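Take a look at the structure set out below.
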Amino acid sequence: MRAMPADLPIRFENVTVSAGAVTVLDRLSLAICPGPPTVLIGPNGSGKTTLQRVAMGLVPASAGRVTWDGVADVPPTRRAIVFQRPVMLRRSVAANIRYALKAAHIAKDRHDARLAELLSLVGLDSMASRPARRLSGGEQQRLALARALARDPSVLFLDEPTASLDPASTKAIEDIVRAVATRGVKVVMATHDLGEARRLAGDIVFLHRGRIVEASDALAFFASPQTAEARMFLAGELLL
Amino acid sequence: MLDWTLQEFPVSLPVMQPDASALQLVLTGDPTLLAIVRLSLFVSLSAVALAALIGIPFGAFIALTRFRGREGVIVLLNTLMGLPPVVAGLAVFLLLSRSGPLGSLGLLFTPSAMVVVQTILVTPIIAALARQTIEDLWAEYRDELTAMNVSPLTRVLTLIWEGRFSLVVALLAGFGRAAAEVGAIIIVGGNIDGFTRTMTTAIALETSKGDLPLAIGLGMVLIAIVVLINAFAWLLRRAGERLAR
Amino acid sequence: MLSRRLLLVLGALLFTSPATAQDKSIVVASTTSTQDSGLFGHLLPIFKLKTGIDVKVVALGTGQALDTARRGDADVVFVHAKSAEEKFLSEGFGVKRYPVMYNDFVLIGPSGDPAGVKGSRDIVAALKAIKDKSAPFISRGDKSGTHTAELALWTAAGIDIEKDKAAWYKSIGQGMGAALNTASASNAYVLTDRGTWLAFKNRGELVIAVEGDRRLFNQYGVMLVNPAKHPAVKKELGQQFIDWLVSTDGQTSIAGYKINGQQLFYANASDPGA
């Protein structure tokens, strides 16, 4: 188990994010602490993606404060994110990972070793020299994961990584996430798939219309949801 | 009315056969023709190289930074793509003439002056196309590159490399403009025999001397060379794709 | 990046090529008619062999050639428009005018000869006939020596061509070659210097209609651009060129230039009135 990771806890204090007239996050307060994976669930447009982007440091808060281990404006050197639709560089799989290693300022002499580790972790060893754009959806997600892990992050954000994948690819991704979480990386994942939430979550954060409706330990949440919206959502009803 | 039209236009057009002598010149490697071809390539390729060195970074800068008057600069750049060559030629002529501000450089009527004016003509093309390419790429890569916390310089270099195929096409467009150009380089070069005579200016000269078959023959040689350059660029691209560095 | 680098390398390779001896060379501003006649192709190698000097000829219209010399962009100016040359001298841009040679103009026309002037030796009468019959005529219209001579001939025929011209008279504003091409394509009359005509290959149905009239003679003069006005002028090398042109060697070379066995230029440097 690694030592207390930097950048954590990530604290949201009454954070509001507006895009024009639309309020995407509404006076949201949250603490992301070290520990098992935190899974964000909620209907489309509830703010899951925006929350992750703000926590990553890509989007500034319109109001409120975000701090990383008590400090505001920390550059994202120890954080990484896998976007819902990751963009591959027009080069080989290995070159993509090397690019991420270089961007993370990993020492040159360690590149080859890290590359081999990462390829092995995500199961893309046999495709190292294939052009990244020719990979399947699942393979591209795994490559994006490898890129994100290249910088040895303390927090890893995943935005619906298995949304368009088949079950086999989904399992592959979930296995990697589990392995990574076990190594001490704090995983924050947004998902549509309640089954996946059950499989991976330590904590659940349930969002609706830019607010946290309920946040608790996963087992407790699924066993007995406290709020009406949560009950409706778990029952499969549309929340408006 | 009919009489007038018959008088105005030739009744029969002589059929022009490209001169066999032009082909002979090519096959036997006639030194004068080789010198003309070398000069044409030197002027056009140098202009494209310089225009790329100036235009690509400039286009990238416009694509990636926001400043007041940015839209105006983009419109100006797009407009300059259509800068009339003779206008550019006249402007450079006045600049480089001994009676002009840069006269002491003694560049008028030399190949260097031709490179200068063609660089002026080609740079807007490359800059405008580079700007569009890089702007589109930035929209695509913005999230990932920002998330990877990449420095601004690395960002620019990455986008340029990712857009290399489109940028090569921009360079070919620039080369096409330069190789086909005749008005500007005749004004600043003087079409001096053995010194500033290129394929296009030679064609203009032979046409004015009435030696149309030779002019057509030279024209075909010029087209063949441009085709070769484009084919070469295409092969480069295929090789690059296969390597997928 | 790879292809761009290769382009740069190509450029660098070719960078080494056009190395002409920049030190021993002069720029001579002359006319397109002289260039098109092929005279320079004949004379300059002889001069280069004798003195090692590279003569770079910039061929323009007479007006432009004199203008280039006025701007100091040429070392020597060699044209055929005596009044314009003397004006150039009086403005102080030239050192001295040396007569060199003369050639003649000829009136070219379609073999069908709509104006009925073929074979005549009277240019003035021929021009009158062309105007009376509204036969198509191409004018260079570019203030060149040839154009100036053409205008003078209209005046000699008692015709104010600016007022009296109509659709039959086409002023194209271009050089001799372009004028001949246009005349060939539209079967028209055109005034040209004999040299350009002899070297011209796109004749169509055109033939010589009128020649031999004294008024058709065309005198050439050469001048060194005044170093007092433009210090960068290469005065020693330029003067060497001029001296050679008027020397026995130069004059013989000029007279020796022939197209299809016919002499084009008559050397007359020794003629005081030229």
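Just so it is clear, A, B and C label the chains in written order, and each chain counts residues from 1 on its own.
Definition applied: a residue touches a chain if its C-beta (ideal position, glycine included) is under 8 Å from a C-beta of that chain, and two chains touch if they have at least 3 such contacts.
Everything quoted here is computed from the prediction, not taken from an experiment.
J.: For the pairs B-C and A-B, output the one whose chains share more C-beta pairs in contact.
T.: Of B-C and A-B, more C-beta pairs in contact link B-C.
J.: In terms of CA centroid distance, which chain is the most far removed from chain A?
T.: Ranked by distance of C-alpha centres from chain A, the top chain is C.
J.: Would you mind checking which chain's mean C-alpha position lies nearest the centre of all protein C-alpha atoms?
T.: B
J.: Need the CA-centroid distance for the pair chain A / chain C, whole Å please.
T.: Computed from C-alpha means, the inter-chain centre distance equals 80 Å.
J.: Take the average of all CA coordinates in chain B, do the same for chain C, and state the distance between these two points in whole angstrom.
T.: Spacing between the chain centres: roughly 32 Å.
J.: If you average the CA atoms of chain A and of chain B, how far apart do the two points sit, in angstrom?
T.: Between these chains, centre-to-centre, one finds 49 Å.
J.: Can you list the chain C residues touching chain B in their complex?
T.: My answer: residues 1-4, 6-8, 10-11, 14-15, 17-18, 20, 27, 32, 36, 40-41, 54, 56-59, 70-73, 136, 174-178, 180-181, 184-187, 196, 199-204, 230, 232.
J.: Can you tell me which positions in chain B touch chain A when the two form their complex?
T.: By the definition above, chain B touches chain A via 140-141, 143-144, 146-150, 154, 158, 162, 241, 244-245.
J.: What does chain A use to touch chain B in their complex?
T.: Where chain A meets chain B, its residues are 56, 58, 75-77, 80-81, 83, 86-87, 89-92, 95, 99-100, 103-104, 129-131, 147, 151.
J.: Taking the complex as given, what residues does chain B use to touch chain C?
T.: My answer: residues 7-10, 14, 35, 38-39, 41-42, 45-46, 48-49, 52, 97-100, 103-104, 106, 108-109, 111, 160-161, 164, 167-168, 171, 190-195, 207-213, 233, 236-237, 240.
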